[in-house]
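Have a look at these structures, which come just after this line.
Next, two complexes with subunit A in common: one pairs it with subunit B, the other with subunit C.
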Partner chain A sequence: MPKTFEMGGIHPPEDKISSDEQIIFGEVPEKLLVPVDQHIGKPCEIIVEKGSVVERGQLVAKSTGFVSSNVHSPVAGKVDKIVKMPQLGGQIKQCALISPETSGENYADILKKDSNNNINLEKLSVENIRKTIADAGIVGMGGAGFPTHVKLSPPPEKTIDTLIINGAECEPYITSDHRVMLEHAEEMIKGILILQHLFDGVPIYIGIERNKPDAIETLEKAAKDYDKITVVPLIVKYPQGGEKQLIKAILNREVPSKGLPMDVGVVVQNVATVLSIHDAFYHNRPLMERVVTISGNLVKKPGNIMLPIGTPISYVMDKFEIDPEKVRVMISGGPMMGRTSYSFESPITKTTSALLFFDESRIIGRDENPCIRCGSCLRACPMGLAVAQLTEMIKANNIASAVQDSIMDCIECGSCSYVCPADRRLVHWMRLGKNIIRREN
Partner chain B sequence: MFEILIPGFILGGFALISSTGLYIASKKFYVYEDPRIAEVTELLPGANCGGCGFAGCAAYAENVVNENSLDNPCPVADDETMSQIGALLGLATEAGEKKVASLMCKGTSQNCKSVMEYKGIEDCWAAVLVADTSKACSFSCLGLGSCVRACSFDAMYIEDGIVVIDDEKCTGCGMCISTCPKDLLHMRPKAKTTTVTCLNTDRGADARRACSVACIGCMKCEKVCEDDAIHVNNFLAKIDYEKCTQCGKCVEACPTNSIEIREVTVDA
Partner chain C sequence: MEDKLEARLLLMDSSPSGRVVESTRRIMYTVSLTLLPAMAISVWVFGWEAVRVLVLAAVFCIGLEALIARFVSYKIDFLDGSALLTGILLAMNLPANAPWWMILVGSLVAIIIGKQVFGGLGQNIFNPALVARVFLLISFPVEMTAWPKPFAGVDAATGATPLGILKTEGVGALAKTNLADLAIGSMGGSLGEISAIALLLGAAYMIYKRYITWEGPVLFIGTVFVFSGIFWLIDPTKYADPMFHILTGGVFLGAFYMATDMVTSPLTFKGRLLFGFGCGLFTIIIRMFGSYPEGVSFAILLMNAMVPLLDKYFPDKKFGMVQNG
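Moving on, here comes the complex of A and B:
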């Protein structure tokens, strides 16, 4: 019996047009803009300067605290300068502009040159695993970018009894996790075993939505020798990739309000993150590249490409023959939770799962209309929030009531805005409300 | 015929009992309130803007009378009102320097090109959640009017993509200052009308590329100033209003027109 979460949720058109395209490799671009901050938490400290010569895998920015993450240079080259660039999320941040020595070389060849290690799992200590993951600068690659080593270090009073691998990929268009599961299943299982070792052999569930039957089959085959690893097919429903929704779907456990998955004894990791954990141990390779889905109605031949971190979007647009004149909306991530961006020079980061390009025809552009009290947002909200009321509270600056009605539990999935017949910017109001509350505290 | 008197007596009886009750309560639970609080409230501007930090004029008046101090003068009231309040309470008042808010940006739609189309909520903080800026300059006024909505005195309006402040109407309550996500609003003495209308701390070339009236940190103003009142720090000029004599030399020297002398009367 396939599972799903009960409360709310929507089913937007899937549009996973690039799911049959193999992961391709591009040439190393002429310039790389490696952003210094690509994670949630304390900003990094940049440790290279204009003129520094860097090796592949050398630290560019060092983490400054526990909730922070290292950044490495994906190529050998020279740092031209440190520039401020608009990022895919819209923020303007520092980037190291690197001219690679190896520009023009196929990235697949560079990956092949990395060392191959044999790991004896039994001999790895828990501290060692956490340290390797932290040094490799691995962050949650599903989109949020929370440093993985922090998630893997729960306080001693919380016991972790289950590990969930998130292969739901519920957002429309994105297929990068799907391709990772198909093409790197063996490596993924090896990465999962490292995490299992870290948590004393806990049972592991890999949640995959049923619209990826080939991925379910491949992983079941890869995991058949390990009786503690189970692949769980899930009914297709957005936002199943949300941690709390996925835990509810697979384990029927409810994360308490303002709580974290570790409160119910669970750690959730994305499939791409697991693959980078594998790479960090078996190839000594810090997180320096990721699979990105290039899709949207302006892309003639949508696909999935392995890109080094810092690749400017203009390189992708050349490679996929996208006409910059026609682009009206450019989204990094999925159309539901992704962020629109405005600069073609913005670089790919550790959390860019997809780049979507749309033309004029996909802009609805209707104005915000008055609420008709239909309650659609209430039924769609996977967290069970009274969205229409909460947005009115924010408008009226009634912050105390909004906090009381759990506005901080909003996961910003955008289901409410998607279903609203009056085109209200509901999720934007919710984000504004959360921002006001964070600012006041 | 006399039936009509019965309800009359009943109601009259009720009225008598309740009024006696009310009279006793008013005597028994009487709380002394300084009559001066009401008088001070009467003198205050009555806009309830909150610029003093209290909930409204009445709350401010209560604090002034109870603390018996005018150290935190009403930012809106003029000197005459403050001296009247001072006379009432027997306190000395200093003639305070009148301040007004000024916007440190001139990035109108001609001067600073817009790089994206923002269609979200009309609120500056909401826009900053989407992207740091919608204009070429990341320090620029977004022109979505969060400060305009915070102004109780109708002294601000949006024109050509940026906020314009009417110096005559601005009372200096300071309520707009914290509403700006870009920190572009600053208080300056009303009498000192020379202002640097830029907050861009990027290098000169970058600033110039982003906006045609950006301060590029060329230091010409610093050189021509005879009163040591303007200094360039971090590629941005800043006026020291203690020393500025409003000679206007820096305004003439500025190659990008990022220093201006505001006209004293503004047509709203």
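Moving on, here comes the complex of A and C:
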């Protein structure tokens, strides 16, 4: 019996047009813009300067605390300068502009040159695993970018009894996790075994939505020798990839309000993150590249491409023959939670799962109409929040009431805005309210 | 130069990009369309007079809103269908022989006092059409209670509604009414209160489209049925039977089209249950003990005032309100 979460949720058109496209590799671009900050937490400290010569895998920016993450150069080359550039999502951040020595070389060949290690799981200590993951700069690659080693270090009073691998990929258009599951299932299982070892052999569930039957089959095959690894097919419903929804769907456990998955004994890791963990151990490879889905109605041949971190979007547009004159809407991530961006020179980061290019037919930037209290947003909210009232509270600056009515539990999935017949920017107001509250505390 | 720059600028907005096809307009016009069966019945029973009332009420309401839109600072989309719906619902609450000036006064009250003084669409506390009906009922009691008899033509004799007969002459005078007539709508009354079956047809579609939910109407009608049933069981010679009570007056119109009005009904499940129950309870109290024969309008308006409290004190269950952490 396939599972799903109970409360709220929507089913937007899936639009997974690139799901049959194999992961391709491009040539190393002429310039890379490696951003210093790609994670949630303390900003990194840049440790290269103009003129520095870097090797592939060399540290560019150093983590400055526990909740922080290293950044490495994906290529050997020379740092031209340190510049401030607009990022996907809009902020302006420091980047190392690197001229690769290997520009023009196929990235697949570069990956092949990385070392191959044999790992004896039994000899890996818990500290060693956490340190390797932290050193490799691995963050949650599903979109949030929270440092993975922090998630893997729950305080001693929290017992972790289950590990969930998030292969839901519930956002429309995105197929990068789908392709990773199809083409890197063996590596994924090896990565999962490392995590299982870290948590004393806990059972593992891999949650995959049923619109990816081939991925379910491939992973079931890859996991058949491990009786503690179970693939769980899920009914297609957005936002199933949200941690709390996924845990509810698979284990029927409800993470308490304001709580974290570890409060119910669970750690959730994204598919791409697991692959990066594998690479860190088996190839000594820090997180320096990722699979990105390139799609949208302006992309003649949508696909999935392995890109080094720091690749400018303009490179992708050349590669996929996207006419910059026609692009009106550019989204990093999926249409539900992804952010619109304004610069074709912004670089790919560790959390860029997709780049979508649309012309003006994409509905965006609408005017708000009056709320008619239809209640659609309340029914769609996977957290059961009274969105219509919460947004009115925020507009009236009634912060205390909003906090009391659990505004901080909003996961910003956008289901409310999606269903609103009056085009109200509900999730936008929720986000604003959350930011005001965070700033006040 | 500027044109070219404009062409290359990218559009920015907060997520999500994309939305359902549902819109305020679509909802309002669809709800209006679901009233077609009930409108057809009223035309069948009362003839062209019913068409006159419907058209006048709709034109007055939309026209007034268009007029107001010229004088207020906020944006009013008078063609969004909400003024049309208010007009139709107002007509549904009027007798087929309502004079044009009464329809105009009703529209004025509905659009201005019922809706725009609160700030327009979505802001009103009370159902505008019901505010107008009650205003007219109190101001023009003669015109509002001289109901044309069914199938009697233009210059028809007028008579009381079945509930009016019940109030003034007692249960004995009801002997000749039969339930099938009541269900189809062959009785005296306002345009919309006569046919339960036609209203149910439209309501079924609205439930299918999730524009309304079942719990409010079911509790409303159920409460009327149960309480009138209790009175009937106590003394059938004094009180009418429960089927009579739910099929007459505006119970079906009120339950499915007035008490489910999105703007003026609760957002939460428990809120809607209590709202429906309260509407039914007040209806019976007014019918049994009040001086008016009919209590649906007053009951719904009373409960409209409770909506903010119901929403606040009976919220829906939220995710994560558990103790397993």
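To be clear about the criterion, the second predicted complex is superposed on the first by the 438 of 441 C-alpha atoms of A that agree within 3 Å, B and C clash if a C-alpha of one lies under 4 Å from a C-alpha of the other, contacts with A are read in each partner's own complex, and residues count from 1 in each chain.
The rule we apply is simple: a residue touches a chain if its C-beta (ideal position, glycine included) is under 8 Å from a C-beta of that chain, and two chains touch if they have at least 3 such contacts.
Please read all numbers here as calculations on a predicted model, not as lab measurements.
With both complexes overlaid on chain A, does A:436 touch subunit B (first), subunit C (second), both or neither?
After superposition on chain A, A:436 lies in contact with subunit B alone.
Which partner reaches more residues of subunit A, subunit B or subunit C?
Of subunit B and subunit C, C contacts more residues of subunit A.
Who does A:183 touch here: subunit B (first), subunit C (second), both, or neither?
So A:183 meets neither subunit B nor subunit C here.
Should A:325 be classified as contacting the first partner (subunit B), the second (subunit C), both, or neither?
Once the two structures are laid over each other on A, A:325 reaches subunit C alone.
Could you tell me if A:389 is touching subunit B, subunit C, both of them or neither one (first, second, both, neither)?
second
Once chain A of both complexes is superposed, is A:12 in touch with subunit B (first), subunit C (second), both, or neither?
second
Look at A:92 in the shared chain and tell me whether it touches subunit B only, subunit C only, both, or neither; answer first, second, both or neither.
It touches subunit B, and subunit C stays clear.
Classify the contacts of A:372 with the two partner chains as first (subunit B alone), second (subunit C alone), both, or neither.
second
Quick one: is A:425 in contact with subunit B, with subunit C, with both, or with neither? Answer first, second, both or neither.
Both partners, subunit B and subunit C.
So, does A:340 touch the first partner subunit B, the second partner subunit C, both, or neither?
So A:340 meets both subunit B and subunit C here.
Indicate the residue numbers of subunit A shared between its subunit B interface and its subunit C interface, in ascending order.
90, 339-342, 365, 425, 428, 431
Mind listing the subunit A positions that touch subunit C in their complex?
It comes out as residues 7, 12, 90, 172, 244, 248, 253-259, 263-264, 324-325, 327-331, 335-342, 358, 360, 362-366, 369-376, 378-379, 382-386, 388-389, 405-406, 409, 412, 414, 417-423, 425, 427-428, 431.
So in the complex, which bits of subunit B are touching subunit A?
Checking each residue of subunit B against subunit A gives 115-116, 119-121, 123, 125-126, 129-133, 138, 202.
Considering only the defined contacts, which subunit A positions touch subunit B in the complex?
84, 86, 89-92, 339-343, 365, 368, 425, 428-429, 431-432, 435-436
Hey, which residues of subunit C end up touching subunit A in the complex?
Going by the criterion above, the answer is residues 7-20, 22-24, 26-27, 77, 80, 82, 120-123, 210-211, 262-263, 265, 267-268, 311, 315-325.
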